[in-house]
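Two complexes come next, and they have one chain in common, subunit A, joined by subunit B in the first and subunit C in the second.
And then the complex of A and B:
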């Protein structure tokens, strides 16, 4: 076997499958976004950037863009701060820690379809689990129409955050275990307060874990298609639509392939800018390993 | 003399305060932490608990006694009915998921081996492309893949879903395998080479067997992710026969609408395969996740 060819033979199956069914479609999506294609039957006519021009004036799209912004902000804050809290607490408690961990990790095993179905029942007016819980606790005053036009976006975010928190907890727990205990002990001996130890030692050393948790939160917030689809179908009246869901709707419900492709391109560009720090970190680590 | 006494008294106060802190403040703090943790765990678990409770009750029971009461009678038959109705979808999910996982493993082991163990031009570049590809949103691939599968006459088949799942999982799986093979000592390969073994033999006889820990983690993760996919299952299928269980649960929900005990039963039945795998192999699952830590 030719030595120069061997690595490429081993890479061939991956390159072929990804090339044909993954990479080539990416370029095609860019090309389709410049056409007015409707459905799959016939290719559309080239219309330049017309789809993108229409998009910036499309109220539905702008509304979904606004909601995606809310998703991103909420997803950066809520699951990550919850997960850090949980990870720190679990790390300090030994009694029953593994059972507790299982409880927090459990949502990772569930699909968005199931999370959507479960939380749909939670938010059901009057008879749903949440309303019944609030009534039981005497907190009826807090009840709103969870999946109504005003609250739907936030309610869906809460459901998705439940799952995202599970992921972030895994990441932060792994990050915490990587911090040598001697370091914390030494700081305690030197008279460091809890607060000082947390902000000066623990938090800075959690930076790699944070990069991962933040990138993941950003990506899930930007895409968020499946959970919106299962819980609200973007409704009521499009109030809970996000960009990724909009793309799905325009393409597979309205059959506006060209227009949907343009939204797909925008989603991809947004994701690309978000993951740059993560990819750079991976590149650095790998170069270190291989040099 | 007086100075010394003051010093001693001062020192004693410090000591006393120290013990006071150890005796009262620390346990209080710890108790508070455990309490907070248990409360968080309970809140976190409520959705699952509520679903399990609802699944085995009757509708009159739910409306009369509220959603959080214990069942007045346990209706295990709900789960049986849901299972029978979900069976075609569950079957489809098995037919789609198992070959997808196997294919992903084979392809990514080979690629990861090459990237990790061979020196060649464009290696770093190739690796970075693969890492970046693991972030490509499904949205840039949906339309052309849908079109391509229709052109190939593969719309509404299992094979189209299998190919697409392997494609989507390649970047992450290659990343995991590359990182794993990086940790395997290079002497193994040198030893094989001296014995005159071909690259393929070294890979198959030496590297595949040592990769077992990485493989078990990868199998658990890939099984869960592929099983749980929804969008491809929606886009690439037409009739009920080829739809995975994630799509099935949605039509099940549509069918039963406000019969929440049945909807909950459907959710439980649909979740059991991945839940069982997760509970049985939680360690592998978590290890795989921290090895690659890309998705959620």
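And then the complex of A and C:
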């Protein structure tokens, strides 16, 4: 009896904390999403799934969903590919490697909101760093309205990817350090080319690291709000709006707490649907590799 | 023994958390919790000087909390939903407050308003009374939106101030022909084009219609709104506005104005600091004029912003809050604020000579005169936030694609029906 209770007693604080700050808000949000609650003063009337039905016909929400899709695809590919490349480069020992590492890791110390402010200056028309750089290189023809309707989503993603790349680089670098050098040396002795070594040894052994990097990229892409708020406020004309920002607008700007909660539930489901199966699959793969 | 140890350990770990849940904060008597939106000291300190004056006079302690404007928008509803909401918070008069009232977190101040309303000019008094008949905010500053024009550019091209719509478009045509952008307009923050929309509607359809539009009883598809948009569209299609509007905010507009890249801009009084800091002399290098009349017989109403303070009425310090709000309506505290912030006080007795430089004072005098005309809070603050969201999103689209003006109006009308119901 005691032996069975003891682990639960130790787990109790964590379970309580998770229950109060994790599980309870999720259930509470779902409950609110089934109401027409306006503001925070009083609970709304139960309206069943009406908020969800309205959402699938809401042009603004569907636009934000499409942009979030772009974020997910771009965030999975760009920061992670760059991070593996950078990690492989900076893992080499050469003069100035520490300095290069510091430069690449620096964005990690900044919040997405600060990153948004910095990149807002970089994208400034005419006087911004990017325009000035292109003018200096004689590439004026490449200048576009970086935060204009056609490019805003991609410009904001690029800014966010800068920080995400730093995070993923740290993760992949740690992953690379954990690969036994004997394995690589053995492969070289056996005549393995660089390409073969990378795809058959390095990459498979980076699975634990990639689980963290990919999950983080997915979560940040699905929840991206603060950088959008800082850089474009979803504009111009809603062209850079994402679901997190839409949830903020409906909840805090339009006072539609029930409707905003419905978006929150959809974001939670999307995150769970994408992240949980991936993590489970990677965990199983690791178990297979180690058995 | 080991069971006892583990039990004690688990309890010790759980206890602080449990204590945290039951802990509540208490506020002492003679206190008000004040929450306001200030990005930095240049605005925060003048606001607090105003409140400190009343604090000392009434012997009420202020517990201050503030956030930059964007964060304030997010944090305010959260704070108002807590068990300890701020007693006083910064808000706007003129339409939007009544929708905040629907959430139950803003107290009608009609009881104290009767005692203090004579501190304000008629225009501010009218704007402070919401369409539902209640007063929710005590005004401390007002900022009319007017046409600023670069006098050097006007002199260089031998232009007179336009008094009519035809003269207005003729000035624009002449500037355009000379290679100068007549009107500077950006939409980076979304709200900048709302000022033009407001004035076009006010000049085409008048105050009564505009009040109805903000209250949700008039339609965005009304022929008068369509006419206003078509006239604005003609100006856009004639190339009288700068390009890349969506990358331009009000500060970039001011820079272009100072550099002489554009001749005129429709903006609030807050932009004047940019001109003066850049070395432009009020009256010499720049000045203001009213948005010209369009439809004959329509009075020249003024559009702008009246900022003030609301009471949540939810805490135990409500009486203190009401006393403090009555106090800040008076001349002395508002003069302290206006002199330090160089923002125009809403109190009618604050003297003009506190504004710097002295050459700007005649312009301030003109702003005060404007308050004899009907004063309208700008669209962002005058109607349901759901409608302003669409306006801030779709009017910038109209600047880029003027031919889509009917789609913009249809979206506005759709949202109006959504939040006010079909009428």
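Rule of thumb we're sticking to: the second predicted complex is superposed on the first by the 252 of 291 C-alpha atoms of A that agree within 3 Å, B and C clash if a C-alpha of one lies under 4 Å from a C-alpha of the other, contacts with A are read in each partner's own complex, and residues count from 1 in each chain.
Here is the rule we go by: a residue touches a chain if its C-beta (ideal position, glycine included) is under 8 Å from a C-beta of that chain, and two chains touch if they have at least 3 such contacts.
A quick note: this is a predicted structure, and the numbers were derived from the prediction, not measured.
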Is A:25 touching anything from subunit B or subunit C once the two structures are fitted on A? First, second, both or neither. first
If you stack the two complexes on chain A, which partner ends up touching A:222: first (subunit B), second (subunit C), both, or neither? first
Check whether A:193 is in contact with subunit B, with subunit C, with both or with neither, and answer first, second, both or neither. neither
Tell me the contact category for A:81 with respect to subunit B and subunit C: first, second, both or neither. neither
Touching partner for A:282 - first (subunit B), second (subunit C), both, neither: first
A:167 contacts which: subunit B (first), subunit C (second), both, neither? first
Could you say whether A:273 touches subunit B, subunit C, both of them, or neither, answering first, second, both or neither? neither
Count the residues of subunit A touched by subunit B and by subunit C, then name the partner with the higher count. B
Overlap the subunit B and subunit C contact sets on subunit A and report the shared residues. 6, 10, 13, 17, 40, 124, 229, 248, 251-252
Over in the complex, which subunit B residues touch subunit A? Could you list them? 30, 33-34, 36-38, 40-41, 44-48, 50-51, 54, 62-63, 66-68, 106-108, 110-111, 113-115, 118, 120, 123-124, 126-128, 131-133, 135-148, 150, 163-164, 166-168, 170-171, 174, 182, 198-199, 203, 224, 227-231, 234-235, 246-247, 249-250, 253, 260, 263-264, 266-267, 270-271, 274-275, 277-279, 282, 285-286, 289-290, 293-296
Subunit B-touching residues of subunit A, taken from the complex the two chains share: 1, 4, 6-8, 10-11, 13-15, 17-18, 21-26, 28-29, 32, 40, 82, 85-86, 89-90, 92-93, 95, 100, 102-114, 117-122, 124, 127-129, 132-133, 135-136, 162-168, 170-171, 174, 212, 216, 219-220, 222-223, 225-226, 229-230, 244, 247-248, 251-252, 257, 260-261, 263-265, 267-268, 271-272, 275, 278-279, 282-283, 286-287, 289-290
Subunit A contacts subunit C in the complex at 2, 6, 9-10, 12-13, 16-17, 20, 38-42, 124-125, 145-149, 229, 233-238, 248-249, 251-256
For subunit C, which residues count as touching subunit A in their complex? 3, 6-7, 9-10, 13-14, 17, 21, 70, 73-74, 77-78, 80-81, 99-100, 102-105, 187-190, 244, 246-248, 252, 385-386, 389, 393-394, 396-397, 400, 419
